[in-house]
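Shared between the two complexes below is subunit A, which pairs with subunit B and subunit C, respectively.
And now, the complex of A and B:
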């Protein structure tokens, strides 16, 4: 069970898209997991042949639990920290013949979580697990009579079925607002507890930028039009190249720079809550490509069609409040990231140009930085660069 | 397009964007963005949806005229 963010402790397996014997390629979607952020498609991290599906559909397991095994895989790039009980839950008999060296798949994305987040699991025989899934028996409620307290088939047979978890029938129908509120609360509490935030703010005059968009959009049909938010994102993506210390993760007492610039784009969900899936390699995407990526993410975020890697990849997060938002925002960094940029609503304000005051459209850009990784001086350089780029919006 | 067809089209496109909304009680003169909690992307998708279904070009300068249910119906059936 991969971690899809600092706020995730467990997930429910709601669908397997592969079965034992199937060949899988790294990056392929193999399962759907229900999380506090809704149903998320999980990609496999290694290529090989599926030898065993360890976690049955409907079961909720902590982050770090092995979901499946594949044979013939190259060593995992990052070995998952196995919960102690996971090893005991392995089958007592050798796995399927084609398996040379079974290796755990889906290594946990390296996100720091308290060790206590994974409660000890009871040993369960695979046959008992399958039967429990079929009959809707909650394994956590059983006392095992097998070796080492393991739950056996007869334990399951003796148990009364419990109603199947609600999640099974809730596949892709959205998310639980209360659970998401809890997840956001946990991540933001950690951020406020651990991250010494500093804030720098700049008001950017954008009349030239808006004129450029207006002209561009007047020549395009509605589906190809570009929103101001995409232009802001383009300026941020280019400006970030100048301040690499704002892009990455704070881990083990130091900055681990991002492997590329993957911007988490904060999306408000209807009914409350938000997600910030990644726009990968944002600095290398054109304005139109960024706009297309934003549209795609918004649509899939609301339809619960996001992939696990999209939630775990962001190296920095951007939130744009849009035309009904507040005038400015002081973001709270999403740990373990080290910076977040907030963009307020476009407003018309008195502005001095060549010694005269006139009404101009302006937008407030705010950077929240982690003071352990950078100083406000560097943050100011980023904002000045964003401003400069938006003044020369023809080049964006 | 007459007003009845236009209204059906507008509500159909909106229901794809705000599936949870109760359109029977949507006031004709209320701002759609406020009433249905639409952000900039939602509103653009609304315009794009109307464009795709009618083939009509809807310039950005006309957006304010389509900001309410009554306004959008009037614009489409003009």
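And now, the complex of A and C:
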């Protein structure tokens, strides 16, 4: 069960899209997992042949649990081997002498995700844990009455066994707003507890940028039009190259730079809550590509069709409040990332240009930085660079 | 041998110790007792008062103030076929004889491949409570319970004080008996039906279902008192008297833990590197999945035992602390 964010503790496997014997390629979607952020498609990170589905559909398992095994070869001869689908294409092999040890199977668990500090474990006495397992009682649902709030045997005895899931085929049920509230609460509490935020703000005059967009969009049909948010994102993606200390993760007391620039794009969900899936390698995408990526993410986020890697990849997050938002936003960094950029609503304000005051469209860009990883001076450099790029928006 | 009582007899722990020694000496010509001030003075806690007059100074022998010397002499006597009872005034002083006890008494049977036995008994007073300050008040029996080759007994009841000496003398190994100084004056009725006890098992002194209180020696009666107070709170505490500190009777302990699932260890020794730590470790090793709460310990504070009465009292386990520890485990405090 991959971790799809610092706040994820467990997920429910709702659908297997492969079966034992199937050949799978790295990056292929193999399963759907229900999390607090809705149903997420899980990609496999190794190629091979599925040898065993360990977790059955409907089961909720903690992050780190092995979901399935894949191997380069068939599993050991303990079970009568079923030929894999691909075997027909291979020349028949004579019965092999039993000298070849089966290759070690590889778990399907993605590794090297940004290490998140585990959330405080619910104290459960050893005896209570054993009893709960025997009776099928879900410890997460219990309130402990033992020392330090620990769940004790009597707490388990007083609890009703968890009924087996009635509908094991449920999938893509969307997200549970209460669960997401909890997930956001956990992540944001951790952020405010652990991350010494600093904030720097710059108001950027964007009349030239908007003129450019207007000109560009006038020649396009509505589905291909580019929103100001994409332009801001493009400027941010290019500007981030100058300040690598704002791109990455704070782990074990040091900055681990991001392996590329993958911008998490905050998307508000209908019914409350938000997700911030990654636009991978944002710096290498053109304006149109960024716009397409944003459209795609918004659509899939609202239809619960995001992939696991998209939730765990972001190296920095951007939130843009859009035309119905507030004028500016002071973002809370999503741990273990080290920076987040907030863009307010575009507003018309008196602005001094060449000694004269005139109405101009402006937008307020705010950077929240992790002071352990960088200083406000570097944050200011980023904002100045964003400003500069937006003034020369023809180049974006 | 001389006594065949038919009615219950009330006596002090001190008297029980004396009668045990007297019985042993009368029963076996190889048995004698030696130590500092045991004969003419009658023992610093008056355990042997009058015995020298009755049994003679051949059998109740005063020694010089030299623990290393007379404990060594006792080991020699045991090797030569005698059954010596060596009294050391207090466990603090036994440190002067540590070399004799650990390097000689405990080791010779093993190093000789069993050719030499050391069938001796060493009695020591232990514990705090009489304002004797840090050099006379410590509870170091846990140290001896660390040593292979020794058996370590801690009689807490009058009955054990009366009857543990005999099996200790019968044992071919060196056996250490720790008598807590606050127990000497305790009185109890001896059950005439009991004329012998083992030196193998722990005893459940009070059955209960909610929490196991493990203790021994001087802390036993404080623990029983705590159990009584806990009952008023609706908590049924089981009290285990270890009796034998080495080897530990783990089946009795583990059986109780499996019933109550909660443990408080009460020991006048300090916590660090101690007998209470050993018991806790073994419970976690052998009964982890039975536990419904962390193990708690009520031990002496990690200071040399103070002289001032109020500080001495505050330094060692007392009833309210035992009650609080057990209550906390059961009530989730």
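To be clear about the criterion, the second predicted complex is superposed on the first by the 297 of 396 C-alpha atoms of A that agree within 3 Å, B and C clash if a C-alpha of one lies under 4 Å from a C-alpha of the other, contacts with A are read in each partner's own complex, and residues count from 1 in each chain.
The working rule: a contact is a pair of C-beta atoms (placed from the backbone, for glycine too) under 8 Å apart; a residue touches a chain by one contact, two chains touch by 3 or more.
If you're wondering where the values come from, they're calculated on a predicted model, not measured in any experiment.
A.B. asks: Using the superposition on chain A described above, determine whether A:145 touches subunit B (first), subunit C (second), both, or neither.
C.D. replies: second
A.B. asks: Is A:395 touching the first partner subunit B, the second partner subunit C, both, or neither of them?
C.D. replies: Neither subunit B nor subunit C is touched by A:395.
A.B. asks: If we overlay the two complexes on their shared chain A, which of subunit B and subunit C does A:153 touch? Say first, second, both or neither.
C.D. replies: It touches subunit C, and subunit B stays clear.
A.B. asks: Comparing subunit C with subunit B, which touches more residues belonging to subunit A?
C.D. replies: Larger number of subunit A residues touched: B.
A.B. asks: Now for A:218: first (subunit B), second (subunit C), both, or neither, which partner does it touch?
C.D. replies: first
A.B. asks: Mind working out whether A:127 is in touch with subunit B, subunit C, both or neither, as first, second, both or neither?
C.D. replies: After superposition on chain A, A:127 lies in contact with subunit C alone.
A.B. asks: After superposition on the shared chain, which partner residues are touched by A:323: those of subunit B (first), subunit C (second), both, or neither?
C.D. replies: A:323 sits against subunit B, while subunit C stays out of touch.
A.B. asks: Both subunit B and subunit C touch subunit A; at which residues?
C.D. replies: The overlap between the subunit B and subunit C interfaces on subunit A is empty, containing no residue.
A.B. asks: Of all residues in subunit A, which touch subunit C in the complex?
C.D. replies: Within the complex, subunit A contacts subunit C at residues 125-130, 144-150, 152-153.
A.B. asks: Which of the residues in subunit B come into contact with subunit A in the complex?
C.D. replies: Where subunit B meets subunit A, its residues are 18, 20, 33-34, 37, 39-41, 44-45, 47-48, 50-52, 57-60.
A.B. asks: What residues on subunit C touch subunit A, complex-wise?
C.D. replies: Those in contact with subunit A are residues 261, 288-294, 328-329, 332-333.
A.B. asks: In their complex, what parts of subunit A are in touch with subunit B?
C.D. replies: Within the complex, subunit A contacts subunit B at residues 214, 217-218, 221-223, 225, 227-229, 268, 270-271, 294-295, 298, 322-324.
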